[in-house]
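Following this line, the structures themselves.
One chain, subunit A, appears in both complexes that follow, with subunit B as partner in the first and subunit C in the second.
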Partner chain A sequence: MLASDRRLGYALVAPTVIVLVVITGYPLAYNLWNSFHHYVVTSGQPATFNGLANYARLFHGQSFLPALENTAGFTVVSVVLETAIGLALALALNRPFRGRGAVRAAVFIPWAVPTVVSGMLWKSMFDPQQGFVNYVLRVLHLPGGHVTWLANTGTAWGAILVADAWRNTPFMAILLLAGLQVIPSEIYEAARIDGATAWQSFRRITLPMLKPALMVALIFRTLSAFLIYDVVYAMTSGGPGSSTDVLSYLDWRAFLVQSDFGYGGAVAVFLIIVCLAIAAAYVRAFRVETVR
Partner chain B sequence: MHLWSRRRQPNDITDRPRGPTARSKRRSALVAAVGVGLVATACGSSSPAPSASAQVPLSAKQTIVFSTQGLGLEGQATKAAVKAFEKANPNITVQIQTLSSSSNVALEQQQQAFMAGASTPDVLNVDVIRPAEYAKPKWILKLNKFHPNTANFFPGQMASGEYKGGIYAIPWFMNAEGLFYRTDLIKTPPKTISQLIADAKHAMAVDPSLKMGLAFEGAKYEGAVTAFQSMGGQFTASNLSNINTSANRAVLQFEYDAINKYKITPSAASTWEEPNVQSAWLAGQTPFALNWPYLVQLSEAKGSLVAGKTGWVPFPSVWGGSPQASLGGSDLVINARSVHQAADWKFISYLTSNSAQIARAVFSGDPPSVKSAYNSTLFAKAPYFKMEPAVYNAAVSRPVTPVYASISSQMQTLISSVITGQESPAAGLAATAPVVKQLAATGG
Partner chain C sequence: MSALSAPQSTGAPTHVATPDVAPRLRRPPGKIALRIAFALLIVIFVVGMLFPFYWIIITSLKSPAALNRGTRSVLPSAHLTLGAYRTDLLMTSVTGVNFGRALLNSVGIGLCVVAVTVVLTTMAGYALSRTRIRGKKSILGFVLIAGFFPPLAMVGPLFLTYERVHLLDSYPSLIITYMVYTLPLATWFLANFFSQIPHQLEEAALVDGATRLQALRKVILPVAAPGIFTVAILSFILSWNDFAFSVSFINTPNMFTAPLALMGLGQSQYQVFYNRIDAAVVMITLPVALLVIFAQRRIVSGLTAGALK
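Take a look at the complex of A and B:
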């Protein structure tokens, strides 16, 4: 009985496994194979085994390490920023008030805009002559009304962070709001009766109960921040110079500009490993805390 | 209107990590084994080139596939040309395979067909910077055996189709970057850069409605490279062994100075692509603008602010050399595995005939690649084409090399660093020159 159940189980998951092998497993394995070869598609030469040379190039080349630094910095800043604002939004939207449905819908609109479109949009918003940002700054007599945002390293990163936060904070808010909604209100009532302050119930009830949702949100947000590509491409193409270059954009260039499937493959493998490590670290961090 | 500009689709990657368990480890071992097997099969695949006997004779009934980008007017012009060709050659049917309007996606689509060893598309429309890249792996056919009339094309564009002495591409339509000037504000177009600077400053002083003196594209993208070349940058295949020349330093310095010293160009130009230059020009905000000929047509359109006030000449060389116009435009190539080569050539000959070229120029504004098409028939229908050959004769191709894209990427970073003041021209060129030299050497 048990054995036949198990067989049926295998049969039922078989199609999924096969599809996964074909559309995920094969490209992954092919990419891994490429990463150990010298293989420039447009060279007309067949791939030749070159061991770890592509991986060595990551750390000895000029562009990888700066891009890694940029990517890591962006990931930390954007995730912290978006989590904080997202949490505040979620808390606000979880309170009953008139017109809450409309406000919730409005807040989530940026999430429905494709990233590359929002990147293009923000690029024109930051245009120093026709852009909205400088217009508002000038009208309000604030500093920065004549800054060419995308032409300096610091301000270009600021612009990218704003564009990314505008697009992705609603995502954090959605997930955290869903987490907040499953916390039973009785617990808050009990806490209030016991004389807990708002801060105490946030610290002792909301945050611990929100942990599963927070973990999911953080994993998704961190991974996609680490893989940032569209906003950078649309707004700066990694410029000025190469000051806003990031790993996914570097990898895209390796594959599509240089047709270097070996080096591109090595960068992709590195990205996969780091992403898995980030996910594993989150799962571990949250599990340990829960056990305590 | 597609020039050569890079556009791209979003590429969202979502990883779904899963925690390992004992059972999943066993399963992943199985998956890995299957994966390795698949890789082994992939590596063993290769397909033989078609033999000469497999060719379909010209007179036989056949269908050829023409792969081309082009929406709107350009797409309609292509359809009209195909219809006329089919009428004249009833045994040949041309099937149009429309590529993505995004040039990077279009490039991928064509490369994938080549990499798979497909015999179609038979005829391909490619950007002028591609032929060498496709000739090297023998993806496209050497066309010398058809004896093309090379003298009837502009030399700069003809050169874009040459690789190791062979002809691999035939120019389809022309495109080159030149200096737009307002004929009402600038009496005679400047011949030297100092004259251009003086004219720009004078015009700004006289006419307060002007917001700048010179508009050009300085964003980090391919356009920055063509602007650099159109201003006199030494950047052809023969320059790649050392781009750190005084001429190149002068051009980069000029781009920086135009913004920071002469103040004829707004700092925003360091983020501008040609649509931004176009809007500054069409809004009448600048007496000078660097742009492509599509803007001639837009300027002369009904209701345009600058209609009848538009002149277009080669940009004066910054360092005093002879003027250069960076070459854009489109070429036609034949898939080396096509079995319809005779019909393919017939089709290309038709597309580059005077009548087809003039029809396209009038309908969609694509400038003829054929010199003889600049004749009274064309000028009667579109007089503004008269000023264009002057720019096209100065056309200079970007380096014809299989590794062009990688080299361009280096140049884009260099130009962007200099324009935004992150690096001096000398330091930037000193750092970039050896990288470009090494890349060029790998290109062979």
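Take a look at the complex of A and C:
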């Protein structure tokens, strides 16, 4: 009975596991192998072992460190911004008010726009002639009305941040709202009877009980910010110059433009390690705090 | 929607309708000001979030001449035209891309992804919640980690492999690869969903002489249909969203997905035609926006499957 039950279980779960191993585990192993070899596919030469040369190129080459710096900076700024706004929005939507269902549906719609499409949408909003942003800044006599946002080193990141926050803040808010909704209202009642202020009950009840949802939301957002690709591709293609270059885009170019699968493999291994480290760090940070 | 479902009355229906009304009458002026400020903030936020949609819609309805004059007003131009939509859908651009065709490609790929995901994760979800296999935790852990894999890091090896097995520049290359978007979320969600279905249902069927697979098909699946439907919707959205893999694996203009076709649209040597770009943006967004509006509860419950456990 148990044996046949197990046989059925393994047979049913196997296809999913096999597919995932083929499309994630296998590329990881392949990348790892490539990263220790000189392997430029278009040269027609077979791969030759070159030790850590590809990894050395990461840190001595021209493009990796600036892209890493851009990616890390964007990740920190966008995650902080989207978490702050997303939490405020979730708290607002957790209060009962007329039309709340409609508001929740409305603010969630930007998430429906495919990432690369949201990039094109904001590129059109930021177009100096045909767009909206420059027009409204000029009409309101605000600074920036004559700036070509996407063509300036200093302002291109601002435009990308706006596009990213517009699409992803709703996602953050919805995940946090789901976390807020499982907090029983009796706890707030009890705290209020005991004379707790609104801030105290936020600090002592909401935040601690929101932790699981906050952790999941932060992991999702931080990883997808760190892996930003589509929006940059659509809005700036890494430009002007390489001022908005990011690691995922760099890796894509290494593979599909330069056909350098050794160097691309090294960047890929780096990306995978950082992603796993980010996820592990969050899990650890949140677990340590809940134990206390 | 939320107002209707909120009070899950737990045997104490003392004052269901009154509590919101009574205190409102004797609210101090400070509270009223606060409420107005709160309402204003919400309105400003909602308008801000939705304004870009308004903008791309009115831009998509502009004629090339109106576009050339530049932005002069936030109002729609006097002569609205569907010309940009017609050009997008019916004409093939210089690069050989037809946007109507690309939309159909995306729909077809999305439906295949939905079918494969539903079949695989229904099986896996059942196995992980209803059988006594060993290593459930490790399997769920691996599935979760697979979901965190950087897509662009996988592009290189998959490209080489697809090239070798002659799958490059084919729909199957995308359908297989999109499983990395859908399987992790769907497996977790369905494993959770199945574990909430009472065991007695299945046991009763087994006592009546059904085999495990019969019980799964005839008893469990009908009960699990809402969960499976959620997985279907989410899988379609995730497949619709992809750009990274399609830009890497697809070369033939006729096989472009909608986001891929959007990239080369409306660009001529001298000018960018945002009416055509925005018409395409509207057409790509509309199906998913409708899903989000009408199936929001399902989508949110799917997305938050892991968040609350």
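The criterion applied here is as follows: the second predicted complex is superposed on the first by the 275 of 292 C-alpha atoms of A that agree within 3 Å, B and C clash if a C-alpha of one lies under 4 Å from a C-alpha of the other, contacts with A are read in each partner's own complex, and residues count from 1 in each chain.
To be clear about the criterion, a contact is a pair of C-beta atoms (placed from the backbone, for glycine too) under 8 Å apart; a residue touches a chain by one contact, two chains touch by 3 or more.
Just so we're clear, the structure is a prediction, and the values are computed from it rather than from any experiment.
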| item | value |
| --- | --- |
| Clash or fit, subunit B versus subunit C on superposed subunit A | clash |
| Touched partner set for A:T153, first subunit B, second subunit C, both or neither | first |
| Contacts of A:L227 with subunit B and subunit C, given as first, second, both or neither | both |
| Which of subunit B and subunit C A:I174 touches, first, second, both or neither | second |
| Which superposed partner A:G239 touches (first subunit B, second subunit C, both, neither) | first |
| Most subunit A residues touched (candidates subunit B, subunit C) | C |
| Partner chain in contact with A:C275 - subunit B first, subunit C second, else both or neither | both |
| First (subunit B), second (subunit C), both or neither touched by A:A106 | second |
| Clash with subunit B, by subunit C stretch, listed 92-100, 110-118 or 218-226 | 92-100 |
| Shared contact residues on subunit A - subunit B and subunit C | 17, 20, 25-26, 28, 30, 41, 114-116, 127, 129, 219, 223, 227, 229-230, 233, 248, 252, 256, 272, 275-276, 279 |
| Residue numbers on subunit B that touch subunit A, as the complex places them | 8-15, 17, 19, 27, 31-32, 34-36, 38-39, 42-43, 104, 107-108, 111, 115, 133-134, 136-138, 211, 219-221, 266-268, 270-271, 276, 402-403, 405-406, 408-409, 412-413, 416-417, 419-420, 422-423, 435, 442 |
| Subunit C contact footprint on subunit A (complex, rising order) | 2, 5-6, 8-13, 15-17, 19-20, 22-28, 30-31, 34, 41, 89, 92, 96-97, 100-101, 103-117, 120-122, 124-125, 127, 129-132, 134-136, 166, 170-171, 174-175, 178-179, 182, 212-213, 216-217, 219, 223, 227, 229-230, 233-234, 248-249, 251-252, 254-256, 261, 264-265, 267-269, 271-272, 275-276, 279 |
| Of all residues in subunit C, those that touch subunit A in their complex | 1-3, 6, 20, 38-39, 41-42, 45-46, 49-50, 52-53, 55-56, 59, 67, 70-72, 74, 120-121, 123-124, 126-128, 130-134, 139, 142-143, 145-146, 148-161, 176-177, 179-180, 183-184, 187, 212-213, 237, 240-244, 247-248, 259, 262-263, 272, 274, 277-278, 281, 284-285, 288-289, 291-293, 296, 300, 303-304, 306-309 |
| Of subunit A, residues touching subunit B in the complex | 17, 20-21, 25-26, 28-30, 33, 40-44, 47, 62, 114-116, 123, 127-129, 148, 150-153, 219-220, 223-224, 227, 229-230, 233, 236-243, 248, 252-253, 256-259, 272, 275-276, 279-280, 283 |
